[in-house]
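The following pair of complexes shares a single chain, chain A, combined with chain B in the former and chain C in the latter.
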Partner chain A sequence: MKKYFRELSVVAALGAVLLGLAMFAPAFFQPQPLLSLVTREAPTLVVACGMALVIIARQIDISVGSQFSVCSVCAGLLAARGWPLVLVLPASALLGASLGAINGLLVAGLRLPSIVVTLATMVTLRQGLNLFRQGEFVNMPDKFQWLGLSQSGGQWTLVGAAFALLIVLGLAMRHVAAGRFVYAVGTDAEAARLAGIRPGRVTFLVFIFIGALTGLAAIMNIVQSPQVQPLSGAGLELKVIAAVVVGGVAISGGRGNLWGAFAGLLLLACVSPALTHLHIEAYWEKAIQGAIILLAVVADGVRSRKESRG
Partner chain B sequence: MPPAPLLELRRLVKSYGGVRALRGVDFNLHAGEVHALLGENGAGKSTLIKTVTGAHAPSSGEIVIAGESVSGLTPTTARALGIACIYQQPALFPDLTVVENIALRLEAGATLRRLDWRARKVRAMELLARIGAAIAPDAEVRSLSMPEQQLVEIACALGAGARIVIMDEPTASLTQKEQHLLFAVVRELRGSGVGVIYISHRLEEIFALADRVTVLRDGESVGTHAVGDINEAGLIKLMVGREVAQIYPASESSAGEVVLSVREVGCRASGVHAVTFDVRAGEVFGLSGLVGAGRTELARVLFGLTPADTGEILLNGERVAISSPQNAVAHGIAYVPEDRRRHGVVLDLPIAHNMTMAIHPRIFPGAWLRFGAERSLALEFIRDLAVKCAGPDAPGGSLSGGNQQKVSLARWLATKPKLLILDEPTQGVDVGAKSEIHRIVRRLAKDGLAVILISSDLPEVIGMSDRIGVMGGGSLRAILPGKSDPHVVMAAALGTAEKGAA
Partner chain C sequence: MKSLLLRLTLFLCAGLAATTAADSELVVAFLPKSKGNAYFISCKAGADKAAKELGVELLFDGPTDSNAAKQNEIVENWITLGVDVIAVAAENKEGISTALRKAQKAGIKVVTYDADSMPDARSFFVNQATPQGIGYGLMDEAARLLNSEGEFAIITASLTAANQREWQKHIEARLAEKYPKMKLVAVRPCDDLKDKAQSEATALMSANPNLKLILAICSPGVPGAAEAVKQAGKTGKVKVIGLGLPNENKRYVHEGVTDSVILWNTGDLGYLTIYAGVALAKGELKPDAKTFKAGKLGSFEIIGDNIMLGKPFIFNKGNIDQFDF
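And then the complex of A and B:
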């Protein structure tokens, strides 16, 4: 219980918000709008899973938004050319993984700080895409809409896929040796090296992993609308980093888990519809989200100070 | 009556927690004198310097500077009183020029004052000229050699009007020629009335340079002598001078097959040269030497952290290339590192995770973690090594130093190694845990493990080892039998084997 205190406190906060909504705005719980909300957040959840891994490994990747945009547009173009979904999906994941590999190579290979490397790739990818597409939208073939299923069928599939991925990864972080390597490297890379783990390789793979997940998430996003926006991923990096940090993953690495990241994402995602349902001005949304992030960071700071005092 | 000494320490005591690092040291330094300070690792030299430079406040005792008692010394007031310390690794800003570095040390004033670049440069050149250093004032410090950087430090000290200059092993990383340059500067300082406290492990330097020498041992001064009145053997006797009082578990094993055979192994990057020795199964091979002798560096070569570039390493008679830690582990080599707080135990992770960290492929086939297996392995080691802890799930950080060391040891024993390298295994652990670790090491040797024991604790390395390799300057200077006379070991470490052994 004590071990998961941080995660449980986020769940409690989420519960309080939901309870408040149930009392003052029961309309929030109408099945169809709620499903739509969750579906919209499904791609974010997938990227957040990857971000949790990256941050646990004591790195950060702020280029995921740009990777997401690039994957979305490229996948859209392939689809428009008549590629079937079964090929577009792996192609997008592969493209994301290659973009992640560039980050990983620079961070692990040349030992550059990940914030600078991914800042550079973020800008490069975004502006490259702008130059290449000049802001043009890509029209998707109809058969891609909702994966070729009915709307609710597609929604359920996307949500189910995102949850399945979360559960598999969340369990893997605890039950597969590789997961523990990520924690070990994030806590103390030199100690990990002395124990025979290769911190560089772990870092490299983590960046590839988040890239592949981002490619996957891009597909989950473009099947939700008839057109691909050229910069659909703008701001995604901040959203997922915020979710992960609110969920108790320490920005200093080695701490936290995917369950917390999931709870953090839900908490932040609830803010906007909650405001709408409570008839509060939408301007409050960012301010409230910011306050939640601040609260989480302060809580972590207080906790680690307490611990270091012994 | 002679003038009052420049610096006088009276009954200086410094305790850290319960440990008394200085136990009432008397010391004095006159103007125009080079006073050498000598002592084993941990004899209290660094602590003494830290109290004089104001980095640490003494617990009791008096510091008298030029006849005036000073209390509440801080680094700032110490500098104002003319005390300067030149460390082994110069603390300069590598990206700034020599002029800027000197100016940063010497200038004071408002944050928004105007900087007079010309005056800065003139002063820097004057100071450099005073110590006869041919260094371009506009050069970036990064581009200077180590001795040149030390000269810049000395120039800073002079510029600050230092009357007392402390030099902490200034020649440790210098070549012979650079040493002579530095000696000339020291003599010049002496000539101009500066008092120099000179710390070095190299006896020949002390005889060449110093006027008087004080030997510290276990936080006490065991005598001050004029250099002319004492010889090397006498100094060594003063430094060691204590009996091996502690009782060490007797060796119960007879040495078996040669496990590790090191032939002319060197590594240029870490300064290890042509080291040759064997370690047999069931044997504890001690590695002694002073700080910077190259013992940890040798261990890192054997563990593949800085792979050897010359010579060969044989394991069980077969030539192996150890290019990485993974490689070393695969060959049955285990290394319990020196600084366990930093690299041995991951403090945030539970004890059980720490213990299985090096054996994932074996204990978790197919990469699936099996918590049952991990837990039972952890419990076994906790019982076996008597680790005092709340349980296998307690984080590493919750343990005492000695118990952390046991966890670190367990991680490597779990790999079932053939060769175990222990780097300062009892550093910073309490007496009880220390003798427990000694018993564990003995038992492991009895079970047929080949053990390399690196220790700066002279009685420990002598008491625990079947044979003792003594290192100095990156090479193995001597291999001595266990239970050797501490004087002989110290003499070998200081590089005066022939004379010292007499």
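And then the complex of A and C:
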């Protein structure tokens, strides 16, 4: 119980928000709009899972938004050329993984700081895409939307897929050796090396992994509407990093889990619709989200000081 | 090698221009921000029409991407070529102005359209829309669709962007002035993201059961709101209008989700620009003019050194397919 105090406090905050909405704005819980809103966050959850791994490994990847945009546009163009979903999906994941591999090579191979490397790839990819599309939407064939299913069928599939991925990864991080390696490298790379882990390889693979997840998330996003906006990933990196940090994953690496990141994502994502339902001015949206992040960081800071005094 | 090739091409062009100059008096050069961009191609369609009516030669060239330096290069080439009129949509306001001043010194008449240069670097700016024209146009269209009665919400790009605030201010002014039975229930930002606009519109509809219309004042907001309305099964019950581009909205206009998309008529913008440039070169358009007559489009107001294209244009089911940008 005490071990999960940090995650549980986020869940408690989320519960309080939902309780408040149930009392003052019960219309928030109408099933159809709620399902739509949750479905819109499913791709974000997938990227957030990858980001949690990256941050646990004591790295950061701020290029995910640009990767997401590039994968979305490329997947959209392939779909428009008549490629079926069964081919577009792996193509997008593969493209994402390749973009991740570039980051991984530069960070693990050349030992460059990940914030600088991914800043560079973020800008390069985004500007390359601007040059290539000039903001023009990609129109996709109708059968692509909702994976060829009905609207609610598609929505449940997407939510189910994101949730399944979360559970599998969340458990794997705890119970599979590869998952433990990520924690080990993030806690102390040198100690991990002495224990027989190759930190460079783990880092490299983590970047490939978040790339592949981003490619997958891009597909989960573009099937929700008939056209792709080339800008679609703008700001995604901040959204997922915030979710992960609010969820109790330490930015200094080695600590936290995916359940917390999930709760953090839900808490941040419900701010905007909650304000709409409570008829509160939109100015508050970013301020409240910022305050939540600040609170989380302060809580972590206080905790680590206590621990170091021991 | 590249520059040699360029010079050779220019020489040939100059030769061509010289031969055509015999039967068409003037050469007008028309510079878009980017020549592959569908928006400017539709401007060019109007420019072509005007050039044909006036019997002038139209040169159309621009960067393949939105490249300010390339624009300067093209203007320099046109100066060497000795064209009579240059019409420019400036990618970079300050950046292009040096080259344009040089053109004016060489006796070339300069007008800008779509995006202005520094005022001293051109004679007139063909102004496609004023914030008031856009704000009033949007509000009037919303009122027309709702019979001046009911709740509506605005989706904006961001609460702080200057142009968005300006439009919103004029929408609210018009609302207060003319439509007492209409109520603006919420203004939500979408960060210029279609996907966020979709989430915002979804929440707006469930939070405001009497919502009759969503008005998006940023272009990604229009298809985003439309997709949300469609997914909520509220097509026709909640109307969607906004400031946007025809191609991004055609699908929803035909499905009856989006009623109108408002912008200016890009063809008319190109047409008016060419007419103004030619009139300037012929000495028919003076700096202190108050109105200007452009062929079949009739008379346009001039405010200061801005030739006003006038009321925004409404794209709807009946006409949207004629536009491709």
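FYI, the second predicted complex is superposed on the first by the 310 of 310 C-alpha atoms of A that agree within 3 Å, B and C clash if a C-alpha of one lies under 4 Å from a C-alpha of the other, contacts with A are read in each partner's own complex, and residues count from 1 in each chain.
We take it that a residue touches a chain if its C-beta (ideal position, glycine included) is under 8 Å from a C-beta of that chain, and two chains touch if they have at least 3 such contacts.
Worth saying up front: this structure is predicted, and the values here are computed from it rather than measured.
Annotation for the three-chain superposition on chain A: chain B and chain C fit side by side.
Within the superposed three-chain model, A:86 lies out of touch with both chain B and chain C [touch as defined at top]. Look at A:23: by the touch rule set out above, it reaches neither chain B nor chain C.
In the superposed model, A:36 lies in contact with chain C only, and not with chain B. When the shared chain is aligned, chain C comes close enough to touch A:229, but chain B does not. Of the two partner chains placed by superposition, only chain B is touched by A:191; chain C is not.
Look at A:177: by the touch rule set out above, it reaches chain B but stays clear of chain C. With both structures placed on the common chain, the touch criterion links A:254 to chain B but leaves chain C unconnected.
When the two complexes are overlaid, the chain among chain B and chain C that reaches more residues of chain A is C.
No C-alpha atom of chain B lies closer than 37 Å to any C-alpha atom of chain C in the overlay. The contact sets of chain A with chain B and with chain C never meet. Of all residues in chain A, those touching chain B in their complex are 174-181, 183-184, 187-188, 190-198, 254-255, 307. Residues 25, 27-28, 30, 32-34, 36-37, 40, 131, 134, 136-137, 139, 151, 221, 224-227, 229, 231-232, 234-235, 272-273, 276-277, 279, 281-283, 285 of chain A touch chain C in their complex.
Residues of chain C touching chain A in their complex: 34, 36-38, 65-66, 159, 185-189, 191-195, 198-200, 202-207, 209, 220, 223-224, 227-228, 231-233, 247-248, 251.
Residues 303, 305, 325-326, 329, 335, 337, 342-349, 353, 357-358, 360-361, 364, 367-369, 397, 411 of chain B touch chain A in their complex.
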